[in-house]
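Next come two complexes, and both contain subunit A; in the first it sits with subunit B, in the second with subunit C.
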Partner chain A sequence: MSGSFAAFFILSLLTIGGAVFMISFTRVVHMVISLGVTFLSIAGLFILLEAEFVAVSQVLVYSGAISILMLFGIMLTKHDAIEDGGSRGVNRIVGFLIVAVFFAICFWAIQRTTWPGPAPISQPDVSNAKQIGMEVFTKYVIPFELVSVLLLVALVGAIIMAKKEGDNE
Partner chain B sequence: MMTLQLPSFLLVALILFSVGLYGALTKRNAVIVLLSIELMLNAANINLVAFAKYGLHAAITGQIFTLFSMTVAAAEVAVGLAILIALYRNRATVNIDEMDTMKH
Partner chain C sequence: MANLLQQTTSLWNVTMFALAAVVLLLVVLGFVTYAIYFERKVIGWMQLRIGPNRVGPLGLLQTVADVAKLLMKEDTRPQNADKALFALAPVLAYAPAFGVLAVIPFTDSIQFADLGIGVLYYIALSGITVLGVITAGWASNNKYSLIGGLRSAAQMISYEVPLVMSVVGVVLMTGSMNLREIVEAQKDVWNIVPQFLGFLVFLVAAQAELNRTPFDLPEAESELVAGYHVEYSGFRFAMFMLAEYVYMFGMGALVTILFLGGWLPIPGLSFIPGIVWFILKFSLYVFFQFWLRATMPRLRADQLMSFAWKGLLPVALLNILITAVVISVQNGSFHS
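Presenting the complex of A and B:
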């Protein structure tokens, strides 16, 4: 068993474990914390896939910003809420059936397809961040600018919608 | 023989997506539904990065697309949470079963 395989095993176990705990916990704050574990392990998986820049942005954006934003959202609404969902058993069973069918179809497709073999040896002389920067600023300049406009629009929209109504000064 | 292959990453992403889909379909708290959607987006990101390394035409484009989808996800969370807070201020609930004004 090689080292990368062991790392993959541990990281995927943590990823799936965090997600499953997120589903099974009852207090919403605990759910967000366990999802933070999932986001961090996904960053580890990205490092395993030789995508260091994406891994660092995953840590910054997901486990940093989005988890904290979710905690703020919970604290600003019902922070002691208990998720029960016990009164709607039919809903749960139907949801589980849909997910099980989806999982079975996708699993069958993954097993059935013949995938390309192991990855070619990547050139280690160019760093991952440099590669991404060259590609973004040569081929994807317009999407990059559009994304910055989208972030600005989301910022303004979030402030306007979360503002108290009738507060016009 | 125990080398990492593409299907193992795809399987992890599939399990994550299924868990997220189950959470989005069954959970009643709107914040948790948003979190489940984030989980599904993350599963898609794992697939993109895995194909960027192991795919037939392995290229850095998958990672760039992952960065773009992360940005869009962050914008989506910010706006979604703002809507949720405005809704909580008006209706004093985060239960998605009680958000049915437009249904009747």
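Presenting the complex of A and C:
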């Protein structure tokens, strides 16, 4: 068994396990931590694919995001707040059916897809941060700039909404 | 070290990795032991005291005795604490602190992993510690530790932004995020000269990231008893303490590499080996930490955030702008 296979096995187990526990835990802080496990394991999977820039960006973005999410979880809920058991009976069966159908569709689609052969392996001495930079600023420059404008609009919008509430007090 | 990573996995090279990591851990532990000793000595001298001088010759074994005492303490846990998270938090805080050391090149040959994105790796991983700190604050079920945890999260997340921005200037000048290439690009002149503005911002932001004076609000003992680790004792408290000093080790190494030319000697003194230069520059930063701690008062909590966003961030952005313009002029972009 090669090292990368063992690592893949452990990381995918952690990814799926984190997601499952995220749903089954009843306290909000526990949920956030298991979500964090999922995000960090996905970063590990990116490293196995030799996409270390994407992996590090994943950690950089989501470790901050998880911390913020946790702060909101702490500030907006009671300390001992526990979610009640959830719905019972008919709802459960309907929910299970929907999920089963969704799984069937996904599985069918994945099985049917003919995957393109592996892309020609780029020369390993060019760091992939450089390659991503080249692509983003030549081929994808307009979508990239549009996304940044969108984020700026969201940021300004959030500030204006927060300001309005502040003025009313 | 680097070519070991390319081989197929076998018992032999897994053992080698483990051994190398243990050696690094021992070096770091040795550093932490004597960093604490020198911190107490230096602060003592600055305050016209003697500092620790009882245990061993010159008090050299004082920290060893303190650690032994710490580890033999009873491991207490509040009754209403969240058991699992209370145990997980010290691990979450410490593991990334040790993990960031993997990319640090101590000399041109002593390095664990030669990543193309070393700078980003360091910054990304150090962000995970915040999560450990909030978890500790929440799981202790104590209002002081929660306040300490929240303060720490707000502070570390907002100071991470100017920290990253101040490094961008260095990355622009080098054209690479690889720490080894960054050092090699400083052959002619160390980055501290062309990137002085970036260096100042980095120094201040690093201080806040390390939770050290004058930004030690998460551990303000006069306001918060102790901060996020109020309820911790014994080995678990030692983990938090260790994480803090290991970050100091990491940050010292990072400053040395990014701005002070890493293992490169002062011109004319190249007969002294690189590792000695690295240790000298690194010790200078560590001394600077103790010097600040002995002389600076703590910032007020309400000034902290506005300083990061309204003071440091614009300066860091200005630095990026200046660097980018200068590089464009040098490359002849304005002479079309």
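A few remarks follow.
Throughout what follows, the second predicted complex is superposed on the first by the 130 of 169 C-alpha atoms of A that agree within 3 Å, B and C clash if a C-alpha of one lies under 4 Å from a C-alpha of the other, contacts with A are read in each partner's own complex, and residues count from 1 in each chain.
Following the convention adopted for this analysis, a contact is a pair of C-beta atoms (placed from the backbone, for glycine too) under 8 Å apart; a residue touches a chain by one contact, two chains touch by 3 or more.
Worth saying up front: this structure is predicted, and the values here are computed from it rather than measured.
When the shared chain is aligned, no partner comes close enough to touch A:L14: not subunit B, not subunit C.
Of the two partner chains placed by superposition, subunit B and subunit C are both touched by A:F53.
Of the two partner chains placed by the overlay, subunit B and subunit C both lie in contact with A:I74.
In the superposition on chain A, contact of A:A129 is made with subunit C only, not with subunit B. For subunit A, the partner touching the most residues, choosing from subunit B and subunit C, is B. When both complexes are overlaid on chain A, the residue A:I66 reaches subunit B and subunit C alike.
When both complexes are overlaid on chain A, the residue A:L40 reaches subunit C alone and has no touch with subunit B. Contacts of A:H30 after superposition: subunit C is touched, whereas subunit B is not reached. Overlap of the subunit B and subunit C interfaces on subunit A comprises residues 1-2, 53, 57, 66, 70, 74, 128.
Residues 1-3, 6, 27, 29-30, 33, 36, 40, 52-53, 56-57, 59-60, 63-64, 66-68, 70-71, 74, 79, 127-129 of subunit A are the ones touching subunit C in the complex.
Per the touch definition, subunit A reaches subunit B in the complex via residues 1-2, 4-5, 8, 12, 15-16, 19-20, 22-23, 28, 31-32, 35, 38-39, 42, 45-46, 48-51, 53-54, 57-58, 61-62, 65-66, 69-70, 72-74, 76-78, 81, 83-85, 88, 91-92, 94-96, 98-99, 102-103, 106-107, 110-111, 115-116, 118-120, 122, 128, 131-132, 135-136, 140, 143, 147, 150-151, 153-155, 157-159, 161-162, 164. Those residues of subunit B whose C-beta lies close enough to touch subunit A in the complex are 2-12, 14-16, 18-23, 25-29, 31-32, 34-36, 38-39, 42, 45-46, 49-50, 52-56, 58, 60-61, 63-64, 66-68, 70-79, 81-86, 88-89, 94. On the subunit C side of its complex with subunit A, the touching residues are 8-9, 82, 84-85, 88, 115-117, 120-121, 123-125, 127-128, 130-131, 134-135, 138-139, 141, 146, 150, 153, 157, 160, 176-178.
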